[in-house]
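What follows is a group of structures, each given as structure tokens.
Here come two complexes built around chain A, the first alongside chain B, the second alongside chain C.
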Partner chain A sequence: MMNNRNKNDEYIVIVGCGRLGSHLARLLSKARKSVVVIDKNEGAFHRLGDDFSGFTIEADAIEIDSLLQAKINKADVVVTTTNDDNTNILIAQIAKIIYKVPKVIARLFEPSRQQVYEELGIETLCPTILSAIELKNIIVGDKMEV
Partner chain B sequence: MLYTELIKERYQLIVGYVGTIIIGIGFALLLPLLLLPVYSQEANETAYFIIPSLIAICLGYVMRRKLKCVKEVTLTLQEGGVIVLLAWISATIFCAMPFIISGKLNFTQAVFEAVSGLTTTGLSVVDVTKTSHIFLMWRSIMQFIGGAGLAVIMLSAIIGPHGLGLYNAEARSDKLLPNVAKSTKLIMIIYTGYILSGIILYILAGMPWFDAINHSIAAVSTGGFSTRAESIGAYNSLSIELITLILMILGTINFAAHYVLLKGQIKKFFQIGEIRFMFFLLAFIVPLVAFFSLTRLYGSISQGIRVAIFELTSALSTTGFSTVGYTNWNGFAIFMMIVVMLIGGGAGSTAGGIKQYRVYVMLKSLVWNIKSYLLPKNSVRQDYVVRPDGKFYVSSEHKIETSNFITLYILTYIIGISILLIHGYSLQDAMFEIASSLGTVGLSVGVTSADAPSMVLWTESFGMMLGRLEFFVVFFASMKIIKDIKFMIKRR
Partner chain C sequence: MNIIIVGGGKQVHFLTKSFVSKGYNVTIINNNEEYCKKLARMHRANIVLGDATTPYILEDAGAAYSEMVIALTTDDPDNLVICQIAEKIFKVRKTFAMVNDPKNIEIFRKLGVQNVISTADIISSFIEQKISVDDITNLFPIEEGKVAAMEIEINEQFPVVGQSLSQINLPKDTIIGCMIRKNEPIIPRGDTVIKEQDKLIILCLPMIQSEVLKVIRGRID
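And then the complex of A and B:
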């Protein structure tokens, strides 16, 4: 029950409102979460559509002021989905180390960096690896281990 | 073929949600009956509320069953608009029923009273001295419902995040929290909290408890229905006037700004452009009116200022309580009242009018425009206004939307005045009365009464409805309905 309540109260900050960020924001908003999206380009917010009821902040998330504006210090989850690995990891580190956000997830394109970040306690999600595994499974079936 | 299916499905959704609101109205109709234990001599009026309530609940239930065929989907702004429009029309009819069944008012008058209540206007054709407590309470409950907004009440209770279109359609664009369902709950908490504290303050100030409940609801919802014929003036008490003043100002402030204030960020609260504009406007106009018009009329400067503060705040907050009559006011004072009524309350509050925010943006952009002539040709400027959620950079599109709204408001105002002039009222009376109904204020110079021609009452009802729903939703929702009906007929 307690766990359930915590889930309902989640306050989520999404950095980057690209295809992934915007889609995630819509899904979470529909699931009754409080969502704040940061992007430095205002035009990106058009991707959010009608079913997003959270806040949008037009700012550069590399600056601490804009992160504070999104109340990162109170966030339960921070997801970084910009199209630049270094930006993602920088913000994820800020969230994890300075603001002690319980759950931080970064999107990562370059698989070779994954290990380093997991050592820092940041969960990563690498679409490159995921697609590679999925493609391989389609081609040879999922018998082999990764 | 696919499109007809889609339209059918969406309209099932719309009918279902409207049904939900009608059920809500049905239950609200039972609320005045809570007074029966205290005023048992009025038990003979029970049926006037129970009959419409049963009709509403049954009809709502049948409509709501349509919802079951549709899976949860998100409402668009247009669909939200259609729901809001249909909900307001059906709510008006059901709210008017008790007056019709009891025979107190004819159809036109009853609809007028219901619209006036739901839009939190406060113009009335009921003779409050001869009306029972149950009916007085019902008028206040209508204002409570209308003040928060049908959509907001429904959102906080039922729909949740899928109803953002609904939230926007009912002229509410300010979000307090990054979750629309939580925002609406917060609005309801702030709203009922102020009403409860208002009731306590009134009782402490010596008002009877029944009057306290009614006046507190009417003040915070910026409605203005009173249980006394002389409104607040009947008590002739400085403390009651002061409490009313505070409640009216609270009622007219944007809910998002309230949230900033309640979080304790007082400095940030007073940086909000709209709030500054409101206090500046009052500080500017009150002395003018007091000095040039009212001091002579009421004998002393202090009395003149007291009346001026109360009446102008009542007009600006679009509440419509009064302590004096306006028949002996001179042209300047009446005109200032009209101007203030046109400006109206804060955006995203329970108030009506053009809204202080829009006027503020337009005045600011005027200043920016003049300043731009003095700057070098290639200078880059970022023009912003401070809103409760922070700085807002004003784009030209935003300016166009704002000025379109004001144009539409003034056009409707002109049409309304013309209709009243045709019926033989003086220009001053017509301007005052239409500004009052379009801005959902509820002050009257005597045009609105039980014996007013029905055309005048309909004009005012229509004006109140347009003013409350901020025009555009009424237009685009009716256009969508007509378009869809045309399409369906062609297909058949």
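And then the complex of A and C:
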């Protein structure tokens, strides 16, 4: 079942079911992707709502066994959204380098680390920078270069 | 030599003491202000307050001019990031990371950290082999635990007292490398006789530690 997938049944693992992780999981689930969400706190899964059709795993994702339980080795996409930057970085690297997951994205709060991990081939997304640019655009318009 | 140590607690305290006494230039990074003040009072070391997993704090600590970075925090992901930033941005030649979860040893190595240390691994290997540590006065893993060196003090009840090394039937993959007799080191030969209160320094593979100890001490427990 896992083999010969087309673009539509991509298997996506989301680590961390906070505001970002849960929202992303709901959007992807609505787009009919197969989604697994990992969080160490079972209570976090209530954020997913009733219409979420993916799977949830209650486990600490910094333990390799939890990641294997989520079949990280079969994933097409891994997104790390825990509230700890370094945990996100560790898991993203495990996914990218050890399990050769094709697309790996890590959420980072701290902008100064971004460059290091871009160099390692980990795509990062920094809400701090994105929000700052957006706010600037609202205030002074988007014509000026950042 | 400039060395950066990240973390707190006894390990940092004793490492700093030992490095400073050897004349090395030590910088400690810790993110607790009170603890930093305490460190500054105790040690002749530079103390930097901040999160060592951010490049600018490592820069403040002089990572660019340091030969070694040792990450000893209780958080495995933090230790990984500290070592990676040190290597990638500041080109630090030697980095050490402590891991709490022994499964991270292999992972960290695959992710490019040169030296990975796991205390839990060393202790658990002991418990698994049901080795009592009473008679072992010193133990150090070599090459990340592939070889163990242990120091054992001989007491009167041990069956090997009065025997020469050639008479002792040690298992394969082990060697008595050195003896300490009344503070004098001896490199033993086959005809060297073991006496009470000798300290033996034994090199062996970790999986036969318990067997070696059984021969030397005459019991396992």
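In the analysis below, the second predicted complex is superposed on the first by the 141 of 146 C-alpha atoms of A that agree within 3 Å, B and C clash if a C-alpha of one lies under 4 Å from a C-alpha of the other, contacts with A are read in each partner's own complex, and residues count from 1 in each chain.
Everything that follows uses one rule, which is that a contact is a pair of C-beta atoms (placed from the backbone, for glycine too) under 8 Å apart; a residue touches a chain by one contact, two chains touch by 3 or more.
These figures come from a predicted structure and were not determined experimentally.
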(request) Following the overlay on chain A, give me a clash-or-fit verdict for chain B and chain C. (result) fit
(request) Report for A:Glu134: first if it touches chain B alone, second if chain C alone, otherwise both or neither. (result) neither
(request) Give the label of whichever partner, chain B or chain C, reaches more residues of chain A. (result) C
(message) In the overlaid three-chain picture, which partner chain does A:Glu123 touch, first (chain B) or second (chain C), both, or neither?
(response) neither
(message) Taking the superposition on A as described, I'd like to know which of chain B and chain C A:Gln69 touches: first, second, both or neither.
(response) first
(message) Going by the contact rule set out at the top, does A:Asp51 touch chain B (first), chain C (second), both, or neither?
(response) first
(message) Between chain B and chain C, whom does A:Val36 touch in the aligned arrangement: first, second, both, or neither?
(response) first
(message) Contact-wise, after the overlay, does A:Ile89 reach chain B, chain C, both or neither (first, second, both, neither)?
(response) second
(request) Angle at the Cα centre of chain A spanned by the Cα centres of chain C and chain B: state it in steps of 10 degrees. (result) 110
(message) Quick check: superposed on A, how many Å separate the nearest Cα atoms of chain B and chain C?
(response) 22
(request) Under the contact definition given at the top, report the residues of chain A touching chain B in one complex and chain C in the other. (result) none
(request) Would you mind writing out the residues of chain C in touch with chain A in their complex? (result) 53-56, 75-78, 80-81, 84-85, 88-89, 101, 103-104, 107, 110-111
(message) List the residues on chain A that touch chain C in their complex, please.
(response) 62-65, 84-87, 89-90, 93-94, 97-98, 110, 112-113, 116, 119-120
(request) Using the touch rule from the top, collect the residues of chain A that touch chain B in their complex. (result) 11, 29-30, 32-36, 50-55, 69
(message) Quick check: in the complex, which residue numbers of chain B touch chain A?
(response) 74-77, 160-162, 164-165, 167, 175, 177-182, 389-390
